[in-house]
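For clarity, chains are labelled A, B and C in written order, and residue numbers in each chain start from 1.
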Amino acid sequence: MIQTPSRPDVDSLPTPPEVPTHSPEMPLAIDDLTVAYHNKPVLWDIDLDIPEGKLVGIVGPNGAGKSTLMKACLDLVPKASGRVMVYGKPYKRQRSLVGYVPQRESVDWDYPISALDVVTMGTYGRIGLFRPVRKLHRDTAMNALEHVGIGHLAKRQISQLSGGQQQRVFLARALAQDARLYFMDEPFAAVDASTERAIIDLLHELKDQGKTCLVVHHDLSTVAQYFDWVVLLNMRVVKAGPTEDVFTRENLHATYGGRLALLEEAGQALRDAGR
Amino acid sequence: MAMRPLLAITVLGLSSVLSAAEGGFFHFPDASELWEVLTLRNYNTRLVVGSTSLLGLASGVIGSFLLLRKRSLMGDTLSHACLPGICIMYLVMTGLGGSGKSLPGLLFGATVTGLLGVWLVMLIRNTTRMKDDSAMGIILSVFYGFGVVLLSVIKGLPDSSAAGLESYIYGKVGSMVLQDFFLIASVTGVVLVASCFLLKEFTLLCFDDAYAGILGWNTHVLDLVLLALVTAVTVIGLQAVGLILIIAFLITPAAAARFWTDDLRIMLFLAGAIGGFSGWFGSSISALTPRLSAGALIVLMAALVFLFSMFFGKTRGVVVRLRSQRRLHRKVGRQHLLRALYELLEEQAGDRFGEFPSNAPVRISSLQAKRSWTPGRLRRLIRQAQKEDHLERSGGETVQLSEPGFGEAARTTRNHRLWETYLITHADVAPQHVDRDADRVEHVLGPELVRQLEEKLARDGKPLVSLPSPHLITPGGAGI
Amino acid sequence: MTWYADDVWIVIIGSLCAVACALPGCFLVLRKMSMMGDAISHAVLPGLALGFLVTQSRASLPMFIGAAVVGVLTAVFTQWVGQFGKVDRGAAMGIVFTTLFALGLLMMAEVNHKTKVDLDVSCVLYGAIEFTPLHVIHSFQWGETWIELPLAAVTLGAVLLINLIVILALYKEFNLSSFDPALARTVGVPATLMHYLLMSMVAVTTVASFEAVGSIIVIAMLVVPGATAYLLTNRLSVMLGISAVVGIASAVLGHWGAVTLPPKFGYENPTSTSGGMAVAAGVLFLLVWVFSPTQGLLQGVWMRVRKEPNPIPVTDPDCESSRGPTSHHAAKTLRSR
């Protein structure tokens, strides 16, 4: 049983990582990123380097700014300061290298569009403005759909898919985009077991191709199993690095504060009751 | 069930409108006159009808995007914001010694203030906590108010020639000339070509603008292009239908088309067709009864199409959804009835251990006690089951399962029990897998897991359900 | 300018109308239904025509009732089209009110044709606040001066009083059901009823005002004062108060501007006071939008200039805890979605 720690004051926190020097080929290098909604700061002096070919879990309590970090990297929310480099160049010039799987709720599922059409959107960046979609692109999309195991649902309107299938459509879209760096916002939220399995397989496949995936994740119990690199986030980077070094009880306490203790107490209580 | 009052009132309303029309409140032209107009025999009619049809076509197409972007009322703000522009240009042109009525000049003014209004709406929304609706309401009323102020200034001018300007508020097709037709035709052309070329851009913009941003597209520019096209349609439509009714052109055909299809391309096509048809038909009637404004008739025509589509639309119409809801309701009722019957049979066979229940008559009263049915509901369920050949009525007070009914009952009961057990034993993963409609649980969970579940059921003392040989399971029961 | 008795009456009537609209308008803004005022004020046309058809006279009670009923029906139809047709609410509103307006236009045309009475649409829609002081229903002496009480002042005063009473009596219910209809329902506040009560209030206010003073004031006063107040406060009671003040200020400024400004630009005649009041409200909104201490445009600029806000205690779990006490809880809610 773990003692509930008194709230650590700022001085006793693990020291933040040294300001890193960026190697030009880092898939993602974030410098001094600060984001504020209205006048409320959400992310604070983020410095982060992600090495190539890793599956990176972004972990932190609710409201820690995990999704905001992604959106700020992708210019979806304004940055108060800082810069984001993708493969050594500013993100704006490297958009084609970056894929994104948004949270499922962010989309209008009533939209009159089929699964295949959604996946085809992944190729729009390559097609370019004003040019029409060709069969080649639709084939790419179809392959991506089949890759995630729902090729037979290509013609379905998207609201007629189950939650897991909708998530797969988004993954397929990211695949069709053929990026080198992927941002995925809670892909495991509310999906069924087989979709979870499929996503994991897909992540490993991407990793084997030398691609890098950043995944916002909320389930602490599977972090060590799924990811080989972890970013602990609570409005600033508490710790980032290889899972086995970073994903420790001590660091989690620094990330979650009293909330983790509550969590573990509850788990312990359940275990005791079960015995 | 909440639909009944709606249906009743709609029917009532429609019939009263129709009877009012019959009673001579509205004087409608007779068929031969109408035919003459619809086939465009007369030059002036041809001009007006052609213009309004094209206008309907263009606004139907571009309005679909507006609808999907959830910005329908933006068209209303836009059209109201055009008024000050028209008045300003009038004042400027008369101030410079011109006639003040030059159409291109007025339309230019309308476009400028219209776009300014739209831009302000977006600015208010982005910089305050106000939502779209408040921003639109503010801009609409203030710009319109300013327009009224200017209009009243113009009316006060000594050589007042401002009467024409008011037609921009309520619309007046009668004043149309060939020049207007060409203007409308060219704007329609631009809208259609732009919609073709920008189909994938607009689709993505309306569906998931964040992702469009990820791909590096400037969504603000795309939004502006979309709104510029809307502005173009609005501005050329002002003269014909007026600034209050023009948004009906943008919204109604698009919303009507949405009931018929889940495919955006078909929706665009349909919306254009509905808009064009309404324009053609509405202005034709107006041509015969000139005191009835064409704009209003067109809008009513589109509204009728909308009402029809809302009820009878193939993919999203009320009737279709109501029917599928009823089907579900009926299915749940059937399953409850069959399971209750099967469980009663089990209870009857309960003394003899290890034997499966055999089919026998069951008293309706004991069935009634089994679940919280009202007598009426149970009677309806039994009647329905008889119709589906699951149940036979043996005598006044008892019912008996038919042979296919017995198989279906056994299957339903077995599935139900397996699912219940599965939900308990696999609570962590279960909810996403439960598919109670599946014919056989094995198809979803696999035979091995089902065997385990059955073992657990037996351990818990629940009787096993043996399925009668598979061919007895009627597809009729399982498929619906 | 010199203020005559008529000017004072115009401003008083304008103020009464503005406040009567601004109070329910605050709730429209909070419920994200600001366009409802615009919709209702256009949609009542068939009701007016029907009322006129029944009595053959203008400004009669049946006309008022007909219009108010159609006004409420607009809200009902919008609800139905949105709910049963699964149409976006804005679009549903647009479809319903344009259809009703079109129907009204046709009925007006027929009425004019049948009865040979010129029932001018623009006259109905604009009303004319400038002429309201002429329609006196009661005059009496008060001290030295004769006071001639115009009908519009009485009507609008009554409407304002009714609105005030309803809102005060049901203040907490309105507050709750605007904020969270689902919660309202669970604690026994009939949210749907509150919705239609608000809509009835809007419809009655709209019709009463716009027979007296024209629609443009109504449309503006239902939205702009409420929105302006929303930028200045987070409390409903204060918001209602500010919106009333903004309403009165726009009435005064609007009339003053309509009379004095056109000559400055070389036009002899004063312009429409109704329009002037709408524009004045817009100007007030603009000022608040730019200078508001918490939401203003300049505030944002100022935020960006002042680069580093105070450091925050980064590990304090209470800092964001309002969203969920534990991550366990959070994970659960996420999963259950």
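Keep this in mind: contacts are C-beta pairs under 8 Å (C-beta built on N, C-alpha and C of every residue); 3 or more make two chains touch, one makes a residue touch a chain.
On a predicted model such as this, the values are computed, not experimentally measured, just so you know.
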Worksheet item: Max contacts between which two chains?
Response: B-C
Discussion item. I'd like the most central chain, judged by C-alpha centroids against the all-protein C-alpha centroid.
Written reply: B
Worksheet item: How big is the gap, in whole Å, between where the Cα atoms of subunit A centre and where those of subunit C centre?
Response: 45
Worksheet, complete the sentence: Per the C-alpha means, the centres of subunit A and subunit B lie apart by a whole-Å value of 35
Worksheet entry | subunit B and subunit C: spacing of chain centres that average the CA atoms, whole Å | 29
Discussion item. Multi-chain contacts only, two chains or more: what residues does subunit A have there?
Written reply: none
Fill in: Where subunit C touches two or more other chains at once, by residue number
86
Item to complete: Mark out which residues of subunit B touch at least two other chains, giving numbers and ranges.
Response: 70, 258
Worksheet, complete the sentence: Listed in rising order, the residues of subunit A that touch subunit B in the complex are 74-76, 92, 95-96, 98-100, 102, 106-108, 111-114, 117-118, 121, 124-125, 127, 129-130, 132-133, 157, 162-164, 173, 191-193, 195
Fill in: Residue ranges of subunit C in contact with subunit B within the complex
29, 32-35, 37-38, 42, 80-81, 84-88, 90-95, 98-99, 101-103, 105-106, 109-110, 112-113, 121-122, 126, 216, 219-220, 222-224, 226-227, 230-231, 258, 262, 267-272, 274-279, 281-282, 285, 289, 295, 297, 300
Discussion item. So in the complex, the part of subunit B that touches subunit A is made up of which residues?
Written reply: 68, 70, 197-201, 203-204, 206-208, 210-211, 213-217, 258, 261-264, 267, 429, 432-433
Item to complete: Name, in rising order, each residue of subunit B that touches subunit C in their complex.
Response: 3, 6, 25-27, 67, 70-73, 75-76, 124, 127-134, 136-138, 140-153, 156-157, 166, 169-170, 244-245, 247-248, 250-252, 254-255, 258-259, 291-293, 295-297, 299-300, 303, 306, 310, 316, 318
